[in-house]
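Below are two complexes that have subunit A in common, paired first with subunit B and then with subunit C.
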Partner chain A sequence: MDRINNNEKKRFYTVFKIVATILMICLAASLIICMFDMPRLFSEEHPGENVVAERYIESGIEETGAVNFVAGMILDYRAFDTFGESNVLFAATICVMVLLLGHKPSDRSEHETVPRTVKNDVILKTIAKFAVPFILMFGIYVILNGHLSPGGGFSGGAIVGSGFILAAVSFGFDRMEKFLNKKSAGIITFVSLLVYCLAKSYSFFTGANHLESGIPLGTPGAILSSGLILILNICVGFVVACTMYSFFSLMRRGKI
Partner chain B sequence: MDFIMNFPFFSIMICMLAALSSFMLGRKAAAIVAKGAIFITLVLSVVLTGWLHVRGESFVYMMGHFPAPWGNEIRAGELEGVMAIFTCIVALLSLTAGKTSIRTAVDKSKQNLFYLITCLMEASLLALIYTNDIFTGYVFIEINTIAGCGLIMIKNNGRAIASAVRYMVVSLVGSGLFLIGTTLLYSITGHLLMENINSSVAEIHASGNYSVTITIITALMTVGLSIKSGLFPFHLWIPDAYAVSIVPSSAMLSGMVSKGYIFLLIKLIYRVIGFDVFRSTGVFDLIFVAGIAAMIMGSVAAIRSGYLRRMTAYSSVSQIGYIFMGIGIANEAGAVAAIFHIITHGLTKSLLFMSAASFTGKKEDIKISDLKGLGHKHPVSAATFSAAALSIVGFPLFAGFIAKMLLANASFTEGWRMYGAICAIAVSTILNVVYFFRCIINLYAYGGFDGKEDETAVVATEEPQFAPTRYEKTIHGISVVLLALINLYIGFAPKLLTSILTKGLNVFD
Partner chain C sequence: MFEQIYNHFNDIVAALLFVIGFSNLLFQKNLIKKIIGLNIMDVAIYLLLASQGFIRGRIAPILTDGSESAVTYINPIPSGLVLTGIVVSVSVTALMLSMTIRLYRKYRTLDLDEILMKIRQEREEED
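Then we have the complex of A and B:
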């Protein structure tokens, strides 16, 4: 390949900047034009206020058993999309593993990061000791109440995962590894996704073939209600928590 | 409801389950599971397509207990079935032909992850093909993008990671534009299901409202999908991604991944926006001109590049130009020709990459001048490479010839488009001949590899664990010959495929 000299490089970057700016201005202008043309949100004539939203709101509770409409929507009505979304997470985890697994941080960064994690930071350790249990409890609460109140597997899992990260940062990875290592994180992710996949496959199959699914919906508002949604929320929560933690761990030291 | 209607759902779920279980399996078990899953999917798709062809109409399948505008649904027609068969063939043969490359270039502890990504890719492509809901389409585009990155960077050296980053950035811009288009479309129609959007866009178009918005939406979504499939002004990620990654990755990326997006674009035109509305926005002209530019510029770039796989990657740019030109002709025959070319080009390009693997050995790429005489050392690969090259050039009896003929035929009724299309096909064909015949002549030339001196040099540089074993050589040979035979079959008897595609497109809207 021909060598590109510095002058040419400079010229390229100037042209690149100008063209990129023009393109961005065009994109922004067309979107702003669109915005003026759009129907007003929350008005009666907004096309979004149609049969679809109506049924979600009016008969959502009796059809899905979930008091939280959003949970009913994403985990029951449009469960296939959510199944795809959780596989996006799975794919992302796999790609980060491909990239970072077995990657050894260079000497300098090791020198910088490793002592910091095991340093006796009294303030951090003391606060983490109090905070971590509450963070985990709150995360579990958000996951388990996903069908009753705002929240669910994705947000609750993120809270639990951040609790794990805080624990790892303040007490060191060695102690975390005792219960969350490559093997256990892998098994948790695998089992949760497998349960998710099989449960949803069952529900898709029975739904499409017009069979009775035989899953009781329970009384709306009770903790054990809304059929599969609770189980799916727990599975998603596990996957998200493990994903968050393993991302952090992989980026920090190249292994889970 | 017939049991056979479950097959699209089964094929998606089988691939997903195979991907999941590869996570826990060793590399050998993962390879067997992945190939088995894709093979089962292939069988299911063949049965499904045959059944659909006899039945002559498409069906929708409810994903869950709620009917369409509330729940998700997938749709299967003959077009979808043919596309599913085609992606399964490419994926399966890439895995078998690229065994050596996977064994030598991928870290041992990560080989099961490669099979995992392949299965995930296949599942998401199937979902993308079968989807009847534009947001489901977006979700699976995302999986496709991430899995595509994984396919490139599984090699895990600097260049592979750099090209994966480039692929990811460009690809995310594409999916971002598609997402913006989807949200805008939702806010003017209030629907995500393809049929409902179609009817309400037709209503809006008839009433004359939102004409600017519809144009912008169409343009955004088209540009987004063409960025992801590598149309001409956005093609700069292609050569790096295809030339640097390992053999099965480049075969799959060029053969099926970029084609899935083009299929989604065709679905968008016929099932979401509606052909007449799409035509009135003028985006067809844009696609047509970009396609012609890609045909010429891709070929010129291929001539300029002196390396085999890089040249093949640039040739991909020009062939994607053909497909987009077919869509841009803006009639049904053009769309049929475009889908026909999606299939022929997917099969041919993956065959080129697989055959080229024998010549490059463990090196990443090989200079075209170094090919001299290698055809005598690898007779099977050289023969299939030549067959694929002839097919791309458009030599009669090969599938590529039929594709080019269909494209030219489709343009005859379209006024000014005819001149552009015919001239572009002529010029591009000549350019194709220039760069592919250079390779073929080099392959069969005497003087490079026929002395003993060369043999010892090759043996010395090729360490034993990098050389393909006898078993790997055999299945590589079987896979490439099989692909070449499929290509020849389509070239000899295109009637079946074209009739399926025409019928499939008729029940599309």
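Then we have the complex of A and C:
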């Protein structure tokens, strides 16, 4: 019985491999043929280079006050898109929590390595002591300068989150838990999303009704400029940092 | 022919990366390798989008030297779309990895065939 099953399995895999290879070759060929019909790359006649991009660049500074046009685009003209992205991250954290939270250690299999606590690793601890403050500082710099230079909430939040992960790995999760646990991470994420939602709803409401929003744009290039973009960048940075750390913590030990 | 390939070089590399990722999804039996394949497909899409927005001789869309004319800067829209793609891909990868952890805890293996065999055995035992 088993041998017949094995033979069937083998035959199935031979057929599967042949069919899949043919399918992949067809897919590659059709994609490459389609790519020849795409507009010519890097040229100025590219159809994506239309009035929308022109408008974002030519009146971006007047309307948003952001020197970084991409930040002005994603956090002012298309702010609801970015709000949706932050909510996607929040929803992903909740799903990972549902899947991994509340698993007793007895559920872990014996093959799985017990999470080692690196308590006496001198090299890691010494390096982390120097590196973590600078990583956090650089992350905060990237968040706060999102409207002036490359970067912004997402990249800066990822840097801050990886700084948290390094701190947790080298000094132990117990010390991180003092200020970043399930409760505080939830509160930070919730408050950030709420501030984002309220601030941007207000500005969209006044904008749609042609009212004065009363949000000062400031001089472009100054750190306190460009209206809501700085606040929204900080909110997004908080959400991303908490999400990064909670992904790592949940996968490593099953709780935040 | 060669000129056409030269003109569409990034597009073709993106298509090949996409196919490589897709065949990883089909041929690998290890769940982690399947997730890596999906991430390679994501990278192909980023490459395609980012190269659509770039224009030779122009600079990144950050105000430089006070020039506010659209011919100085590349198209900022694909950059924003790539950002959206990266966020979604991070979320999906985290979700898939945590599901893989749950499957491993239950069936003690990452091989998809073995997991399916064990599920079938469980069903037969139930009946």
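The working rule: the second predicted complex is superposed on the first by the 239 of 256 C-alpha atoms of A that agree within 3 Å, B and C clash if a C-alpha of one lies under 4 Å from a C-alpha of the other, contacts with A are read in each partner's own complex, and residues count from 1 in each chain.
In the analysis below, a contact is a pair of C-beta atoms (placed from the backbone, for glycine too) under 8 Å apart; a residue touches a chain by one contact, two chains touch by 3 or more.
It should be emphasised that the depicted structure is a prediction, and the values quoted were computed from it without experimental measurement.
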Touching partner for A:Asp174 - first (subunit B), second (subunit C), both, neither: neither
Contacts of A:Gly207 with subunit B and subunit C, given as first, second, both or neither: first
Contacts of A:Ala28 with subunit B and subunit C, given as first, second, both or neither: second
Partner chain(s) touched by A:Thr189 [first = subunit B, second = subunit C, both, neither]: first
First, second, both or neither for A:Ser149, with subunit B first and subunit C second: second
First (subunit B), second (subunit C), both or neither touched by A:Phe80: first
First, second, both or neither for A:Cys197, with subunit B first and subunit C second: first
Partner chain(s) touched by A:Val52 [first = subunit B, second = subunit C, both, neither]: both
Touched partner set for A:Glu8, first subunit B, second subunit C, both or neither: neither
Doubly contacted residues of subunit A, that is, touched by subunit B and again by subunit C: 31, 34, 38-39, 46, 48-49, 52, 56, 78, 81, 85, 88, 91-92, 95, 99
List of subunit B residues in touch with subunit A within their complex: 1, 5-6, 9, 13, 16-17, 19-20, 23-24, 61-66, 69-72, 74, 107, 109-110, 113, 116-117, 120, 123-124, 127, 133, 135-136, 139-140, 142-143, 146-147, 149-150, 153-154, 156, 161, 180, 184, 186-191, 200, 210, 212-213, 216-217, 219-220
Complex interface listing, subunit C residues touching subunit A: 4, 7-12, 14-16, 18-19, 22-23, 26-27, 51-56, 60-63, 68-73, 75-80, 83-84, 86-88, 90-92, 94-95, 97-99, 101-102, 104-105, 108
Subunit B contact footprint on subunit A (complex, rising order): 30-31, 33-34, 37-39, 46-52, 55-56, 63, 76-81, 84-85, 87-88, 90-92, 94-95, 97-99, 101-102, 186-187, 189-190, 193-194, 197, 201, 203-210, 213
Subunit A residues within the subunit C interface of the complex: 17, 20, 23-24, 27-28, 31-32, 34-36, 38-44, 46, 48-49, 52-54, 56-58, 61, 67-70, 73-74, 78, 81, 85, 88-89, 91-92, 95-96, 99-100, 103, 107-109, 111-112, 149-150, 154, 220-221, 247, 250-251
